[in-house]
Amino acid sequence: MAVTAVCPGSFDPVTYGHLDVIRRAAAQFDRLVVACLRNAGKRPLLDVDERLALLEAVVVDLPNVEVAAFDGLLVDFCAERGATVIVKGLRAASDFEYELQMAQMNARLGNVETLFLTTSPVYSFLSSSLVKEVARFGGDVADFVPPIVAERLSRHR
Amino acid sequence: MAVTAVCPGSFDPVTYGHLDVIRRAAAQFDRLVVACLRNAGKRPLLDVDERLALLEAVVVDLPNVEVAAFDGLLVDFCAERGATVIVKGLRAASDFEYELQMAQMNARLGNVETLFLTTSPVYSFLSSSLVKEVARFGGDVADFVPPIVAERLSRHR
Amino acid sequence: MAVTAVCPGSFDPVTYGHLDVIRRAAAQFDRLVVACLRNAGKRPLLDVDERLALLEAVVVDLPNVEVAAFDGLLVDFCAERGATVIVKGLRAASDFEYELQMAQMNARLGNVETLFLTTSPVYSFLSSSLVKEVARFGGDVADFVPPIVAERLSRHR
Amino acid sequence: MAVTAVCPGSFDPVTYGHLDVIRRAAAQFDRLVVACLRNAGKRPLLDVDERLALLEAVVVDLPNVEVAAFDGLLVDFCAERGATVIVKGLRAASDFEYELQMAQMNARLGNVETLFLTTSPVYSFLSSSLVKEVARFGGDVADFVPPIVAERLSRHR
Amino acid sequence: MAVTAVCPGSFDPVTYGHLDVIRRAAAQFDRLVVACLRNAGKRPLLDVDERLALLEAVVVDLPNVEVAAFDGLLVDFCAERGATVIVKGLRAASDFEYELQMAQMNARLGNVETLFLTTSPVYSFLSSSLVKEVARFGGDVADFVPPIVAERLSRHR
Amino acid sequence: MAVTAVCPGSFDPVTYGHLDVIRRAAAQFDRLVVACLRNAGKRPLLDVDERLALLEAVVVDLPNVEVAAFDGLLVDFCAERGATVIVKGLRAASDFEYELQMAQMNARLGNVETLFLTTSPVYSFLSSSLVKEVARFGGDVADFVPPIVAERLSRHR
């Protein structure tokens, strides 16, 4: 059984929390496509090309991981890529209820299964928006994002 | 990548909710071991041999699924069976917090990954204990468990 | 439309929180049956006759409220009493998930609708088991239960 | 006791989940007013006249249901219509906390009782915003909204 | 041990719920700085000077409480003020998950401890945004905010 | 202001999670009494003297921390010890709802304030009962409890 999984997100920017989920998912599936949402809702800090470039840089050592932009329905993207699984990280009970709703909708729309990993405790408090806020005020984000991302954020202050 | 997954539970008795998770998990992994907890805590209704027999009967059409009893640490059972994945169903946010705790403990103890499926909405309200209570008072459980299980429960009234 | 509603519980003992829900439910339905679970699981403090007597005493001023014991399936009790509605109080999100499960099961078993009231904030922290623990150690429960209940609890120290 | 209940929402657009709550509420109360929030916060997809027209169309077979627009305080609308009950559907624990807050505020402001129904499991994952997103990208929404609503959404792609 | 604590918020406007937390925190710490977020995200109703003036007015009887505006990282503000503790009120489980995330981030960024009080039940349903909505439509907010705040809100209708 | 705080629990056995909360609480208050519940409900693994001895051993380097057994109402114990604060760790949203209830009850019973710390992420999955289960089956608990506790548990297998 050769399974392709899709790991979707805004990745604005990618954090060590995302990377933990990506690494662990890459160990479970034959092929993992990290799907970066093109129009990340409410004005992203980084444009999609920057977000993709950072993702490419941080997964470079993971041979079965690809990075791609997407818009439209996630189930359509999965079909295009031959993926039968969506894989997501869960941090907290409140994440869960939204993700449950999305998983059940996607199962109805596209016959695609959603599998969840739990975020490692050490990254459970991390989110892209918290990291951006810390960076904006000059806080040190070295513990939260890879060096290439920290460097990129420092140019936005 | 040939992955063996373990789907643990008390299965006292197996319900359509469990069966939904088992079927969907069986579609995602090369081999699935349904692991039935031998000493299901607080006095199970059915002894482990009955629970195993019912499980065997209801997964008979799933060629890559095996059924086994276990006790001790789940990570030890996974190691014995060559499983690198634990797969569980999640119904509600309150399930999630307990399962998160278990998943993180098992990751620490045994280098085994836990993947979660969300229970199909139509079975989200089902639990073995509710089914047992309905059966005990002569309610109709035909919508909740396979016929062989319903028949078995009817003998316990 | 003359609606009979059932308000089930263990009432071991009835608290001001229960009474708040009973009063408000009595104002919404033509007839309200307070249904006291005969075998309140794990060894009740008060036997069912005492629990019923206290309930009778505290609802004496509510002309459309009756008190009755029940066991078996709640949907069967509703059918016997001609009730089409179950009414329950909700204190917290964790109550909700269990009650959601019960409501969906009862809708499947008996074509009975469950309606929820939210507990008044001032009673949101009350539970029978907390009250019993306070009373057991001689704490003052006058703010939590009607005088007749407080008096009865004082005999159990 | 002739009770008028109000079922408020944005209904942008009405889904089968809303319709399930409306039908079940209509069976419990003598008269049900579906109250459509005029200025649905953050730019609705459909203007209020369209939302009202769709609501009218889908409740046409429910003789004790009326549809009306409202703005201002919900308790004032209830007073105008002679309603003593607000009825809402609950899908998940996270819905509950917000609704608890609103119910307690409305009880303080207007002496109006809020009663909750739980959404049927089969619709528990539905929300107007998910439906709009699916429709926007050309997904099939026939399982989620009545045909007249699906047809209307198809014109917005 | 002379401890300075910081109680942060938008206070747009300050409610009796905030005041309850401030009073109780003031009783626990030697010095309490109420820190009013200068740019309260999405267009505050009151500008920061008004919010500060109202805060000053309502804490005038609490000798160990100061009021100050802040922006930037809260941990930097704590360092400036010599505060080692952040104190916050918790109303509901959903508050908790966000606050947990913030507390853990602040512990990493600034070696500052976050301590939580639970909001008194009687104020558990209050929020600045609900109060503003009630006031906007001419509802009576006398039970929710101090008279000086109610008077100020009445000018915004 | 010289504040005495009480940190209650069953401590059956004390874990690194408890110790993290105790250490951080000891840094915030002048004097901290770790209060070990004498009759830890449902048959503790270790009797109260063993639990106290282990607690004494692991807090030996914290000069402002004392260890004591208690039974009865926690507010009475606080009064005896001159404590005005109860301090507890919170791991998850589900902890929160129970603790909120206890905090509000204790505020009513004894005019004592409850302050919460959030458990460090790295210990968020730890509980005494999980540790006991791991130890019972011969799993390695060195990452979860201090060496003296691990040694003690190893004698219970």
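Lettered A, B, C, D, E and F in written order, each chain numbered from 1.
Everything below uses one rule, namely that a residue touches a chain if its C-beta (ideal position, glycine included) is under 8 Å from a C-beta of that chain, and two chains touch if they have at least 3 such contacts.
All figures in this text were calculated on a predicted structure; none of them were measured in a lab.
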| item | value |
| --- | --- |
| Between chain A and chain C, the fewest steps along chains that touch one another | 2 |
| Numbering shared by both copies at the chain E-chain A contact, with half separating same from different | different |
| Of all other chains, the one whose Cα centre sits farthest from chain A | C |
| Chain C and chain E: spacing of chain centres that average the CA atoms, whole Å | 38 |
| Distance from the mean Cα position of chain D to that of chain A, given in whole angstrom | 34 |
| Rounded Å distance between chain C and chain D, as computed from the means of their C-alpha atoms | 30 |
| Residues within chain E bordering two or more other chains | 92-94, 97, 100, 104, 121, 124-125 |
| Which chain pairs touch, all of them | A-B, A-D, A-E, A-F, B-C, B-D, B-F, C-D, C-E, C-F, D-E, E-F |
| Contacting residues of chain D [partner chain A, same complex] | 92-94, 124-127, 130, 133-134, 137-140, 143 |
| In the complex, chain B residues that touch chain D | 92-94, 121-125 |
| Chain A residues within the chain B interface of the complex | 1-3, 24, 27-30, 84-85, 90, 93-94, 96-97, 99-100, 103-104, 107, 113-118, 120-121 |
| In the complex, chain C residues that touch chain B | 72-73, 75-76, 93-94, 97-98, 100-102, 104-105, 108-109 |
